[in-house]
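These notes open a run of structures that come right after.
Common to both upcoming complexes is subunit A, partnered first by subunit B, then by subunit C.
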Partner chain A sequence: MSFINYSSREINCKIVYYGPGLCGKTTNLQFIYRKTNPEQKGKLISLATETERTLFFDFLPLALGDIKGFRVRFHLYTVPGQVFYAASRKLILKGVDGVVFVADSQLERMDANLESMEDLKINLAEQGYELERLPFAIQYNKRDLPTAVPLTEINSAINTDSTPWFEAVATRGSGVFETLKGVAKLVLMELKKNY
Partner chain B sequence: MLVGCPRCKVRLKVPDEKIGPQGTRFKCPKCAVVLLVKRPAPKPEQQKNYTLNAKKVLVAHPDQSIADRVGEMLENEGFIVLKAADGVEAMVQAMKELPFLVLLDVALPKIYGFELAKRLKERPETKGIKSVLLSSIYDKSRYRREPASLYGADDYLDEHQIEELLMDKIKALTGQGEPRANAPETEKAGAASSATDILEKYAPPRPEPPAGPELPPKAPAFSAPRGDAMVEKARRLARTIMADINLYSPQKVEASIRENSFFTVFASELREGKKLYDNRIPPDVRSQGDFFREAVENFIEGKKKTLGIN
Partner chain C sequence: MPDFDLIMYENEFRRIDEELKKLYQQSNANVVFLVDKNGQLIASAGDTSEIDTTSLASLTAGNIAATGGIARLLGEKEFTILFHEGENDNIHISLIGQRVILVVIFDKRSSIGLVRLRVKKASENLLRIFNEISAKSEKKQHEKSLDESPFAEITDEDIDNLFK
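This part shows the complex of A and B:
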């Protein structure tokens, strides 16, 4: 649910990076933060528990132009990935405008990927959202690892609804902005439909 | 034989020789309810010998063109080919048709091929079926490596090698050729008693086995295909919980397994995990087996193996 700030003439959109524990959500966000112009971004806020962090920051990508005189500000969030933190994930999904699912390409994390995808659908459904109707992109991260599952296999297992997907090695930044642009495009299309 | 009174839950010891062929009536000494006690039915595997069809091969692959290509090859060699496009369909076909061999794509929809291979080995009627996992590879030069585990399957084959190697592998599996020298060791079914002993300390007491006719009958071993997919989901969640415990504190896990204190050290994680599992998995699926406990046992067993602890 995007929020409009009339005084600053901005539309605020929330994009949540979801995925299993240690799949690279934080690495994605940190890379985006590092590469974004200081004038365009807010503070990087980290809510840390003993083992997990939730990161948040907002930024205003100037290249995207405006919608009816309003600029679009993106608020990027990560969720704690560890399977136990279901309640925090549900909370962070409130008011979401777009989701990036970061999948860990390693064979030993296939269970965790599927479980996290299921968890995403359940948590969205509990708040009245349907994943199929949300701007949504999948990122297959850690493609450089020798244990990475072939793309055709991981995609057929996780991506059952032909969602746009991207390959990434987030530690090197490859595929990070491509994924963000992919989901941002879908969020903007949705905004243009509604405003 | 131990019998549980359905009313007062007291456990009674009944000598086997006192139970007649039609069962014998006993009065519970505590609550005076009359129980009809019968001998337990023999286990299904003792009742029936399952014969596999030496001509039938099941090809389970979501890609129709690959399934057809493999099917044609096998038919030319005189085999009867069955096909399935997802894991549930493959499971049903394997149980119904009892082929001697199944070729399973690793990423089958609904139930993964490697999960299915493990499931087939666990069932009495299908444990004799030979299974071969089919896998494609992402980058032939960079990512090719021998799998560390076949999840109970007998062999594996990369998709681009089917034409070249499939018939040799079938011969090897049926004892008509040389077995593969470099095939990785398959996982052994069942957990060691030591792991079970540790788990007993943490787990709540198990319910008493049904003994008399008054108690509800045991759920059938295989209820429905949909049920099977749900069981697979329950297993997957339980495995993920254990994998996450390990992922976030690998050194602590290792030390606690070496010191035999895993259940004390990770008591709160296990409690949280069980809570999540109970919330997420419907009671009818949980009643089919304690999959959480199974995942904990398998995890400890696997860790012990890796650490070289017996």
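This part shows the complex of A and C:
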């Protein structure tokens, strides 16, 4: 649910990074934060445990530029990936305009990916959304690891609706901005469709 | 979609702004601001130069969301008021019409009693304005009126430019 302010000429959109625990959601935001000009970003807020596991959410506001005289602001959020934070995960999805599903490419995390994708669909449905109708992109992260499942295999297991997908190694930043741009494009096109 | 996009026009924005300024003065607050339940800052009054309002807005909304989650676990619909007391500054957070969050930050020049009293009055007025905004946004989206929409013309190039 975008917030369009004609008075301050701003569009605000909320993008949520979803995925299983330790898949690299926070790492995506950290890389975006590091590589964005200071005037284009706010503080990166992480509500995390002492061991740096996300407890509630990470938040990064970005103002990348203008479109048709409107300042476009993206508010990026991550959810806590660990299974037992289900209640918190639901809350973050409120008012979402676009979702990035970060999948962990390692073979041993395939079940966790599928479980998290199912969890995403259920949580969206509870808020009245359908994943198929939301701007949505998938990122296959950790492509550099030796146990990474081949792309065609992971894609056919996770991506059942021909969703746009991106390869990434978030720790090095490869694919991170491509994914963000991919989902941002879908969000703005949705805006175009609705107005 | 479960909700309609929130569209704010000049006229409503001015009325909200006036209402916040009035609350700011009458409650002797340091800062007053209004946040969408999804964490987006709508408007503020008072000296915000020292405050990271974007972060504050997001965290306040997270706070309200978490409290709402607790409320539902206990069988309550919502806890509509949150109050945090600090050594110097205090923060009063209240939910207006299930949609927006009113935040008042104040110190010892004011009191919780005064803030609560003034917030109550301001909430009624703000609720009225937001009901009008919702009706207008909903109507707009139903009609899909393109008369003044700048978004119909968004191109791939516009989006590419954001990521240069």
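Everything below uses one rule, namely that the second predicted complex is superposed on the first by the 172 of 195 C-alpha atoms of A that agree within 3 Å, B and C clash if a C-alpha of one lies under 4 Å from a C-alpha of the other, contacts with A are read in each partner's own complex, and residues count from 1 in each chain.
As a convention for this text, contacts are C-beta pairs under 8 Å (C-beta built on N, C-alpha and C of every residue); 3 or more make two chains touch, one makes a residue touch a chain.
From a predicted model like this one, the values you see are computed outputs, not experimental measurements.
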item	value
Greater residue coverage of subunit A in the superposed arrangement, subunit B or subunit C	C
First (subunit B), second (subunit C), both or neither touched by A:188	second
First (subunit B), second (subunit C), both or neither touched by A:146	first
First (subunit B), second (subunit C), both or neither touched by A:115	first
Contacts of A:5 with subunit B and subunit C, given as first, second, both or neither	second
Contacts of A:131 with subunit B and subunit C, given as first, second, both or neither	neither
Contact residues common to both interfaces of subunit A (with subunit B and with subunit C)	none
Subunit C partner contacts - residues on subunit A that touch it in the complex	1-8, 12, 14, 42-43, 45, 47, 56-57, 59, 61, 64-65, 67-70, 72, 75, 87-88, 90-92, 94-95, 127-129, 133, 177, 180-181, 184-185, 188-189, 191-192, 194-195
Contact footprint of subunit A on subunit B as seen in their complex	62, 106-107, 109, 112, 135-138, 142-143, 145, 233, 236-237, 239-241, 243-244, 247-249, 269, 272-273, 276, 280
Subunit A partner contacts - residues on subunit C that touch it in the complex	1-10, 13-14, 36-40, 42, 52, 54-55, 58-59, 62, 65-66, 68-69, 141, 144, 146, 149-154, 156, 158-159, 161-163
In the complex with subunit B, residue positions of subunit A that touch it	20-22, 51, 82-84, 86, 108-112, 114-115, 118, 122, 146, 148-154, 156-157, 160
